[in-house]
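Chains here go by letter, A, B, C and D, matching the order in which they are written, and residues are numbered from 1 within each.
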Amino acid sequence: MAILVDDETRLVVQGITGHEGRFHTGRMLESNTQIVAGVTPGRGGQDYEGVPVFNTMEEAVEETGANTSVIFVPAAFSADAIFEALDFGMQTICCITEGVPVHDMMRVANYLRVKDATLIGPNCPGVISPDKSNVSIMPVDIFIPGNVGIVSRSGTLTYQIVNELTQRGIGQSTAVGIGGDPIIGTDFIEILKKFEADPETECVVMIGEIGGNAEQLAAEYVQNEMRTPVVAYIAGFTAPEGKTMGHAGAIVSGGESTAQAKSEALEKAGIGTATNPSEVGELVTEILNHDS
Amino acid sequence: MDLYEYQGKELLRQYGIETLEGIVAASPEEARAAAEKLGGPVAVKAQVLTGGRGKAGGIKVAEEPEDVAEAARQILGMEIRGHKVRRVLVEAGAEIESEMYLSIMVDRAAKKSLILFSTEGGIDIEEVAEQNPDAIVRIYIDPLLGLLPYEVRELTFAAGLEGDIAKGVGKTLNNLYEAFVEGDASLVEINPLVSTKDGHVLALDAKVTVDNSSLFRHEDIAELHDVDVADPEEQRALEAGLQYVKLDGDVGILGNGAGLVMSTLDVVAQAGGEPANFCDVGGGANAEKIATALDIVASNQQVKSVLFNIFGGITRGDEVARGLLAALDRSDTDLPIVVRLDGTNADEGRRILAENTPENVYTEQTMLDAAKKAVELVQDGGR
Amino acid sequence: MDLYEYQGKELLRQYGIETLEGIVAASPEEARAAAEKLGGPVAVKAQVLTGGRGKAGGIKVAEEPEDVAEAARQILGMEIRGHKVRRVLVEAGAEIESEMYLSIMVDRAAKKSLILFSTEGGIDIEEVAEQNPDAIVRIYIDPLLGLLPYEVRELTFAAGLEGDIAKGVGKTLNNLYEAFVEGDASLVEINPLVSTKDGHVLALDAKVTVDNSSLFRHEDIAELHDVDVADPEEQRALEAGLQYVKLDGDVGILGNGAGLVMSTLDVVAQAGGEPANFCDVGGGANAEKIATALDIVASNQQVKSVLFNIFGGITRGDEVARGLLAALDRSDTDLPIVVRLDGTNADEGRRILAENTPENVYTEQTMLDAAKKAVELVQDGGR
Amino acid sequence: MAILVDDETRLVVQGITGHEGRFHTGRMLESNTQIVAGVTPGRGGQDYEGVPVFNTMEEAVEETGANTSVIFVPAAFSADAIFEALDFGMQTICCITEGVPVHDMMRVANYLRVKDATLIGPNCPGVISPDKSNVSIMPVDIFIPGNVGIVSRSGTLTYQIVNELTQRGIGQSTAVGIGGDPIIGTDFIEILKKFEADPETECVVMIGEIGGNAEQLAAEYVQNEMRTPVVAYIAGFTAPEGKTMGHAGAIVSGGESTAQAKSEALEKAGIGTATNPSEVGELVTEILNHDS
């Protein structure tokens, strides 16, 4: 098993004919993801690397039975693409696009409540279940299949930590980049829930950063509801107040949003919290050895 | 993007919110002319993108045009929390009866808009929140429904407002919510929102932050962006498409990816160093961009060593190494640079670097070792 | 409330939808003047709140002002499906390339707005639905999200539109949805929506039904209500706050509550009678209102007997009986009236009626018996 | 048991100080409904017949633990009142008010999807569970407690039919007037589901009329999902096309919305359908005798 994407994933790429869409479609195809369709309005009837392109999600879903979508359309049109994916029954939607307006995302997030679907992102690297399905822009080579779930607000930091695991021979069940924006479709807790329900996942690594209080909420959830052990890492201890550190959502704007506060909440909840990426590997190794 | 008080007020006025009459002045002479035009006592207010200007002496009240000019002279050029004052707002007076607080912001956890209101205005809302949390009314707004009439009543009743003030605050709230949504703001704050003796409710200050991601549909607001106040290094980075934040330390830091760079700063601090900046060069191995980033980091005279932390993901380590060498070639910095390269094809990348590195470049295998080395280099005197 | 074509088009124009230039005329002379002003060939179109005017000869094309006046003379005063034509719309011509159909309505089951579009316009959409259902594109709109850009594309792609027509239809749809929501319409229909040889997309006809319940916030639309076309009896009922619909039969029917009155009509029909009207006097036992209702029903000369079916609910049977007697007292009708009174305190009510009924009033215990009696009375010759 | 309202009902009257609100509050109090609060903005602190009045639902709910509301506010403000009731956790809301704009109701109905609550109405007589709770404007005297559930689009027609039952000694579990408007909070099916789940309800009477196709959808549901027997009655066989028969929703606007079409669909689904109100009583009597 895995979460969100797996052997059953039938992927449609929204914005397949754009620069990013083309590049990453190629990469996902190389890692054997079942890409069944692409959508670009006005390009219906064409194909890209053997993937048929449709004008609308309705057509794409009708013709190909797609159940998952990944979005590469420009930020101004991303919310519209998400609504279209939701309305045509996508179960998992990964919006890779960066720079989606926050008011657009508030509307999307509140509409999501009536849909039985999971939106990952926006401004995220996507989801990968090694050797099963790659719906992401992540470097597939650094992953190996295994039993550690990863959930992260950051891209390259995830790669760094996955690499630490892989180098130690520790594989991953699924890695989920939930995105670095202030309003995202899916927070830590929803992903933690899925990992908790996944029999294959024996340990979860949660990678947080400054901004918001999602890590604190997650800490509470882990303490009260999870049996699967969790290892955490938080970036941004040295970030000054009021400055955006790369990600739109990574900004210290009050006491709760500092790395310090998050880290304390995690430790208080009994969650092993690494002080650097390397230590994540060590903590996970300890847990897995202890369990076996 | 933060708006100046006078810009924020202009936006609020477009949505029907009352403010006092005011004129922006960039010199004592302009301030004097403004005072003459407005008549009566005026406030001279520093226009800076930071709080605390009152305590810093950035607001003065004067009546005679000569005194107004003098006040402007004192305020213009002041530094308030590192922000230089280049303009003042000369604003007419009002007979204030009460000071309130009203703001709307994006609430991340709730994924809704959050309205905060307090009858204790004019002071820092965080102080109110600490000392008298019950004095703050909080209302969450579902973006799909917008602000509902009952929510406005909820606020005025909970705050104990009555009569004209209740009506004025209700009207202001409706207008402010419209401005917030249509202006794609992530924060609109009126502190203080005042009621006057003649029954008006008006915005005496305005803090507006517009979502940068929305600027494509707000050309008018995007134009307000005040380039010459930004730190020149930050400005150059912005133009080059780099994420750059200047800090106070002496270890320059570059890396690919916001999270990884944040983590690198932390690791440097843990190793006893002080980061001089945050600089995310993004994905790919664009030599041009890396060279520009190096130049910007090096142009900070405080920087004594540089740590370049790269995780080769989609861009393979060998390509990154070649891009980095090309960038070092273009850059003429003599700063000691620690390069740590990991990820896809890292071995090959490290080999290429080892064969070609200039004298001032050191390579390390892990983030921790690289951080230690960079700190060591500073302690050894750096450049 | 239904709008006339010319009123509907005025609304659509306010929302940016293109139409042909047109002038309303109430006489042949006005039509001639309109034709002179517009120049070229024009269409003279009967303004009636019903469909099928084309087949009924209610639309004529003419070029010379004299011919236009003659066309207007023929159309004005016509009866189309029971609606008398009192005005015509004289409308400029256009070079039409294709005829399409576009409408938005409230869909009860989905609780959403439903957009229907077809490239087969100009004919009855129900015919299209029967003969070629695939030619109709259906899109449901969530009122909390509004019409989304992808839904517009969905429609144009599904209909196989391209280029200027796709753009024009998309723009028209966005405007029409805005008109539909802001105008509180329960239906907006453009049939045909045409594309012209010079690349425009315009509304050649317009059918707009505004939700009566929303008229309090649409004073401008409420003012359009065209009182003098309504049936005079229906108009009088409206003013008295009665729900009244005139039918073709001879048994006048009154009752309290819409469902009960509908049911009464059915029971009368089952008993072999033909209802002359639907008349709901509402709750309570207001003698004034009941008397007015009786007068309205009796003023229909076809009516030969009246059935008054009352279920005493909150208003007790005894009060209802007294109100009814007072009403009969005021009304001077000599029509035979069958009264059936049931519900709370019905026995007491019936006793009061039995003691005081005038000669032309008959009482019955059940709906079925009352219906039979009323039908019998008609067969006996009624009044 | 009963559905929607019962001994646990703690009622708040929204618009308690208006003419209708006052009148029906008095009546509901007489039938021993637990009315714990009233709401009228600007009248907070007053009381009406011993019921405390609050300015807002928030206060009313906080102070009294109300869980059900009935709405008598004017049509222009009814949607707002419904949103307020929903946002402060009312489980059942009866909107009695007639003339609520249809676009307002579309917004309400779509917002309802994210709430775990039942809205009855608008333009409805409310809900009554005889001898338990009366959240309605219905004449309580004609009801007796028992095992027949009633669900109806019409007020007086419901009274007529309830009376037929009561006169035959047949009591009612709960009677629900779902309202006569085109867009209502709760359709037949949701109420039928609740009756099906109610062990006390042995038979359901469904009273429909012209307009829409809710009866057809209900017929399908009854046929496929219900074990509890259903008796139906439809009014409006003699209604002409295009004319509104009293209720805003009672209009024949197409083939599906005629009484004929509804009646046929019901009979096709094997549902006993009476041709007049009296016959409803007969059909119910037969079912109950047959069952016992």
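Please note the rule applied: a contact is a pair of C-beta atoms (placed from the backbone, for glycine too) under 8 Å apart; a residue touches a chain by one contact, two chains touch by 3 or more.
Since the model is a prediction, treat every value here as computed from it, not as a measurement.
Touching chain A and chain D together: B, C. Farthest chain from chain B, judged by C-alpha centroids: C. Remark: chain A and chain C have CA centroids separated by 54 Å (rounded to whole angstrom).
Centre-to-centre spacing of chain B and chain C amounts to 59 Å, using the average Cα coordinate of each chain.
Averaged Cα coordinates give chain C a centre that lies 27 Å from the centre of chain D. In chain A, the residues that reach two or more other chains under the touch definition are 107, 111.
Contact with two or more other chains is made by residues 142, 144-145 of chain C. Taken as a contact graph, with one node per protein chain and an edge wherever two chains touch, the assembly is complete, since every chain touches every other chain.
Those residues of chain B lying in contact with chain D across their complex are 142, 144-145, 148-150, 153-154, 157-158. The residues of chain A lying in touch with chain C in their complex are 41, 44, 55-59, 77, 80-81, 83-84, 87, 107, 111.
Of all residues in chain C, only 144-145 touch chain B in the complex they form. Listing the residues of chain A that touch chain B in their complex gives 27, 75-76, 99-103, 105-107, 109-111, 137-139, 141-142, 152-160, 163, 180, 182-183, 187, 207, 209-214, 217, 233, 235-240, 243-250, 254, 259, 275-278. If you check the complex, the residues on chain B that touch chain A are 106, 108-109, 111-113, 126, 142-144, 181, 184, 186, 211-214, 216-217, 243, 245, 247, 255-263, 265-270, 275, 278, 280, 311-314, 342-344, 366-368.
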